[in-house]
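In what comes next, chain A is part of two complexes: it sits with chain B in the first one and with chain C in the second one.
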Partner chain A sequence: MNTALHERAPLAIVARGIAKAYRSSQPGGSLSVLEGVDFTLRAGEFVSIVGPSGCGKTTLLRILAGLVAPGQGSLEVLGKVADGPGPERAMVFQSFALLPWLDALDNVAFGLELRNIPREERSAIAADYLKLVGLSGFEHAYPRQLSGGMQQRIGLARALAVDPAILLMDEPLGAVDALTRSWLQLDLLRIWDETRKSVVFVTHDVGEAVLLSDRVVVMGTRPGRILEERVIDLPRPRSDATRESARFNELSMQIWRSLKEMVIERPSVGAERRSREARAGARAS
Partner chain B sequence: MSDSATRGSARRLLAVRAVSLVVVLGAWQYFGDDSRPINFPTAWGTLQALWRQLADGSLATALAKSNQSLLLGYSLALLVALPAGTIAGLVDPIRRAIDPFLTIMIATPLIAVVPVVQAMFGLSLSARVAVVFLFAVGFLLRNTMVGVRQVDATLWEMGRSFRAPPFTMLRKIVFPSALPAIMAGARLGLGQAVSGMVVAELTLVGFGIGSAIEHANTTFRTADLIAIVLVVMAEGILLSWGARLLHRRFERWRIGEHGFA
Partner chain C sequence: MNAIVPARGLRAEFTGFARLFAFVRGREWIVLAVALALGWELAGRAGHWLFLPPLSAIVRALVKMFADGTLPAVLAGSALTLAAGVAISVSCGLLIGAAMAQWRIIDEALRPFIDAMMSAPIIALIPVFIALFGVEYGTRLATVVVFSIFPVILNTYEGLRVVDPTLVDMGRSFGARGADLYRHIRLPAALPLIRAGFHLCMLRGVRGLVNGEVLISVVGIGGVLQTYGAAFAMPQLWAVIFTIVAFAFALLGIERLLVRLFMKGGGASMREEAA
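Up next, the complex of A and B:
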C-alpha cells in the first residue's frame, strides 16, 4: 500500500555506483569504505539504513548530504546533479551540533539566520518548530540546561525550520538513553506524519528502523555495501502498539537475521588478525 | 543551609585577610625607620610619600607616560595575534611552522631579548612598544590558535550543511567557539604586557615610571621608591581584575572546557 504510493512518487535522491576509499596507514594502501552503492529515495519516503559499525552507513549519509565527495559515482538530488550541500537537504547530527552560546530559539533559527531571514520572522518560525517538537516554553533555555533528548529535539527543529524537502538523520537517537529513545521514536512518527518529509535515517537499531520506515536498507562491511532492501509494509499511522504486532516482529527478525549472519561470519577482530597472519606468512615465504 | 555556609566561609576568609593585612602593616610599621630617607621607611612614611607624589601630580604624569607603551604595544599585539592566530588555527602547515617559535617565545625569559630590541629601535617609544608587544604576543597568539583549532568538528559540518559562506562560518561558529580561549589568552597577555612595560622602563630608558624610580633611587628616597612600586602593583592588579570581569562576561555559557585560565 505504502509501496505502491512511493513507486509513483518522484525521485528525491538517486545515487549510482557510489564508492569511497580513504588512504590507509600502509604506504600506497587504501581502505575501501564504500563500494558500488546504489541508493534511491522517493519523495515522501522514510528510508532507514542499518548495518554494523564500520559498514560506511554514516559515510554514505554524509555523501548524500554533500559533506563528503564520493570517490566514484553520481549523486542526483531532486533531479539535479549535486556536488555539495544544498538548501533542499538538512541534516540532524548524532551529537546534536548545537551552538552552546545560543538559546533554544536561536539554535532552531540558526539555519534561517544563515539564509538572511529577518530576526522577527525567523524567531516566529523557530517558535513554531519548537512547538512541533514539544519544546514550547524552553525558548530561552541554553543547550547545557537541557537533557540529551531535548537537545536532539532542538537539532531536529533546526533542520525542519529551513523547510527542506529531504531530512538526513545520522543516528539521531544514538546519544540518548533507551527510555528517552523509545519515546522520541513515537515523536518522530508523529512529526513525520505532520511534515511528510523525505527522510534518510541512519541507525543500528533494527526495531527503530522497522517502526519508522517505509523501507530498510541493510548494509554490510568490508567493503561497505548494500546487502538487501526490505519494504516495511506496516500500515500507517503507526504507534507504540505497532511494536506489538506480529508483522513488526517478523520484519525485525528477518532484518536481524541478515545482520547477524554478517556479524558472525565476519568478526572484525578475527578478520584483522587473519589478514595480519596472511601478511606475516607472505613475508616469511 | 548551604547559602549560610558559603556566607560563613566568605566571612571567615575576609577575617583571615584582614588579620594578615593588619599583621603585615603592623610589622612594617614596627621595623621601618623614617629617621633618614635612605632607610627602609615605615608603612605610614610610605603612605605619606605616596600621597605627596599623588598630590603634586608627578606620579600621574609618570604613569600616563609609561602607559603609552602598554596601550600601543598591547593593541598591536592584539591586532597581530588575533588574525595570525586564527589563520594558524585554520591552516595546519602554518600552525606547524610557527609552533616551535611560539614555544621558544613563551619559554624564554624575554628580558634577555631587550638588548636586541634596543639595538634595533634605540631608546625610542617604539623600542618600549616593541618590548610590550613581545611580552604580550606569545600567549595571545597561542591561545587564539588553540581556540580556533579546537572548534568542534561537527559544528563545522553543521555550518557547511547549511551552506554558510566562509566568513559567516568564522563569525558565527568559529569565533564564538574560540572566544573563551582567546579571552584567557588576552588576560595572560595583559599581565605579560604590564611586565613588559616595567621592564622597558627599567632596562631601556626611564620615561615615566622608570625615570620616577630612577629619581627616587639616586636621591636616596626609599619611601618614594616603594610608593611608586606600590602604584605599579596596583595597576597590574586592577588591570587583571578588569580583564577577569570581561572574561567572565564572555563565558556565561561555558562549562569549563578550554582549560587556559
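Up next, the complex of A and C:
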C-alpha cells in the first residue's frame, strides 16, 4: 500500500555508482569506503540505512547531503545534478551540532537566518517548529541547559524550519539514552506524519529502522556496499503498539539475520578504527 | 524571641561589621591592599630608606603631579601611542592569525618567525627599530606593536583551529560558505580565545609602551619614569609607577566595556591562554 504509492511518487534522490576512497595510512595505499552504491529515494518516502560500523553509511549520507564529493558516480536531487549542499536538503547530526552561543529559538532559526529571512519572521517560524517538536517554553534556553534528547529536538526543528523536501538524518538518536530514544522514535513518527518529508535515516538500530521506515537498506563492509533492501509493509499510522506486532518482529529478525551473518563472518576488530579514519578523512577533505 | 538580647550599641556595631564583611566578600584584595598600604607607610616612616618613602609622601607627590598638569599631559600622549599600537596589533593580528588558520602554507611560512619573535628579547631589537623608524614616534609605536601583536595572532589562530568541524559541516549543510561560515560559526566559536588574546594584547601593550619610552625617547609616561629614576626622586618615581598600574587597570575596564558592547555571546566563559 505504502509501497504502491511510493512507486508512483517522483524521485527525490537518485544516486548511481557512488564510490569513495580515502588515502590510507599505509604509503601509497587507499581505503575504499564505498563501492558501486545505487540509491534512490522517492518523494514522501522514509528510508533507513542500517549496517555495522565501518560500512560507510555515514559517508553515503554525507555524499547525499553534498558535504563530501563522491569519488565516482552521479547524484541527482529533485531531478537536478547536485554538486554540493542545497536548500532542498537539510541534515540532522548525531552530535546535535547546536551553536552553544545561541538560544533554542535562534538555533532553530539558524538556517532561516542564512537565507536572510527577517528576524521577526524567522523567530515566528522557529517558534512554530519548537512547538512541533514539543519544546514550547524553552525558546530562550541555551543548549548546555538542555538534555541530549531536547537538544536533538532542536536539531530536528532547525532542519524542518527551512522546509526542505528531503531530511537527511545521521544516527540522530545515537547520542541519547535508551529510554529517551524510544520516546523520540514515537515523536519522529508523529512529526513525520505531520510533515511528510522524504527522509534518509542512518541508524544501527534495526528495530528503530523497521518502526520508522517504508524501506530499509542494509549495507555491508569492506568495501561499503548495499547488500539488500527490504520494504517495510507495516500499516501507517504506526505507534508504540507496532513494536508488538508479529510482522514488526518478523521484519526485524530478517534484517537482524543479514546483519548478524556479516558481523560474525567478519569479526572486524579493525573496522571501528577504519571507520573513524574514514570519518576523519571525510572531514579533512 | 531570643533569650539573650544584645545591647543596642553592640548590635549596631555588629551590623557595621556585617556590612563591612558583605562589602569585602568577593573583593578580598581590598583587605590585602589596605594591609600592604599600612605596612608600607609604617616601614617608610620607621626606616628612612631612600627607596621606600612613606606612602603618604608618594600620595602627596601624586596629587601634586596631577594638579600641576605633569602627569595628565604625559598620560594623554602615552595613551595615544598605546591606542594606535593596540589598534594595529588587533587588526593585523586578527588577519594574520585567521590567514594562518585558513591556509597551511601561510602557517608554515610564518610560524618560525613568530616563534622567533616570541622568544627574542624584544628590548634587544630596539636599536634595529631606531635604525628603521628613527628615535621618535615610529619606534615607540613599533615597540608597542611588537610587544602586543603575538597574543592576538596566536589566540586567533588557535581559536579558529579548534572550532568543532561538525559545526562547520552543519553550517555548510544549510548552504553557508566562506564569509558566512566565518561570520556565523568560525568567529563566534573562536571568540573566547580571541577575547583572551585581546586581553593579553592590551596588557603587553602597556609594557611595550613603557619599555619603549624609557629606553628610546624620554617622553610620555616612560619618560618621566626615566627622569625621576635618574634623579632618585623616589616619591615621584613611585607615584608614576602607581599611575602606570592604574592606567593599565583603567584600560582593562575599557576593554571589558568594549567586549560587552561589541562581542556579545561567543561560547562560555573566557579562557585565558598565556600565549
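The definition used in the following text is that the second predicted complex is superposed on the first by the 269 of 285 C-alpha atoms of A that agree within 3 Å, B and C clash if a C-alpha of one lies under 4 Å from a C-alpha of the other, contacts with A are read in each partner's own complex, and residues count from 1 in each chain.
To be clear about the criterion, a contact is a pair of C-beta atoms (placed from the backbone, for glycine too) under 8 Å apart; a residue touches a chain by one contact, two chains touch by 3 or more.
Predicted model, so just to flag it, every value in this text is computed and none were measured.
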When chain B and chain C are modelled together on chain A, clash or fit: clash
Touching partner for A:A21 - first (chain B), second (chain C), both, neither: neither
Contacts of A:A43 with chain B and chain C, given as first, second, both or neither: neither
Interface residues of chain A shared between complexes with chain B and chain C: 62, 65-67, 85-87, 89-91, 93, 95, 97, 99-101, 110-111, 113-115, 144, 162
Touch list for chain A against partner chain B, complex: 62, 65-67, 84-87, 89-91, 93, 95, 97, 99-101, 110-111, 113-115, 142, 144, 162
Residues of chain A that touch chain C when the two form their complex: 62, 65-67, 85-87, 89-91, 93, 95, 97, 99-102, 110-111, 113-115, 144, 162, 168, 283
Chain C - residues contacting chain A, complex: 164-167, 169-176, 180, 184-185, 188-189, 191, 265-268
Residues of chain B touching chain A in the complex: 152, 154-155, 157-164, 168, 172-173, 176, 253-255
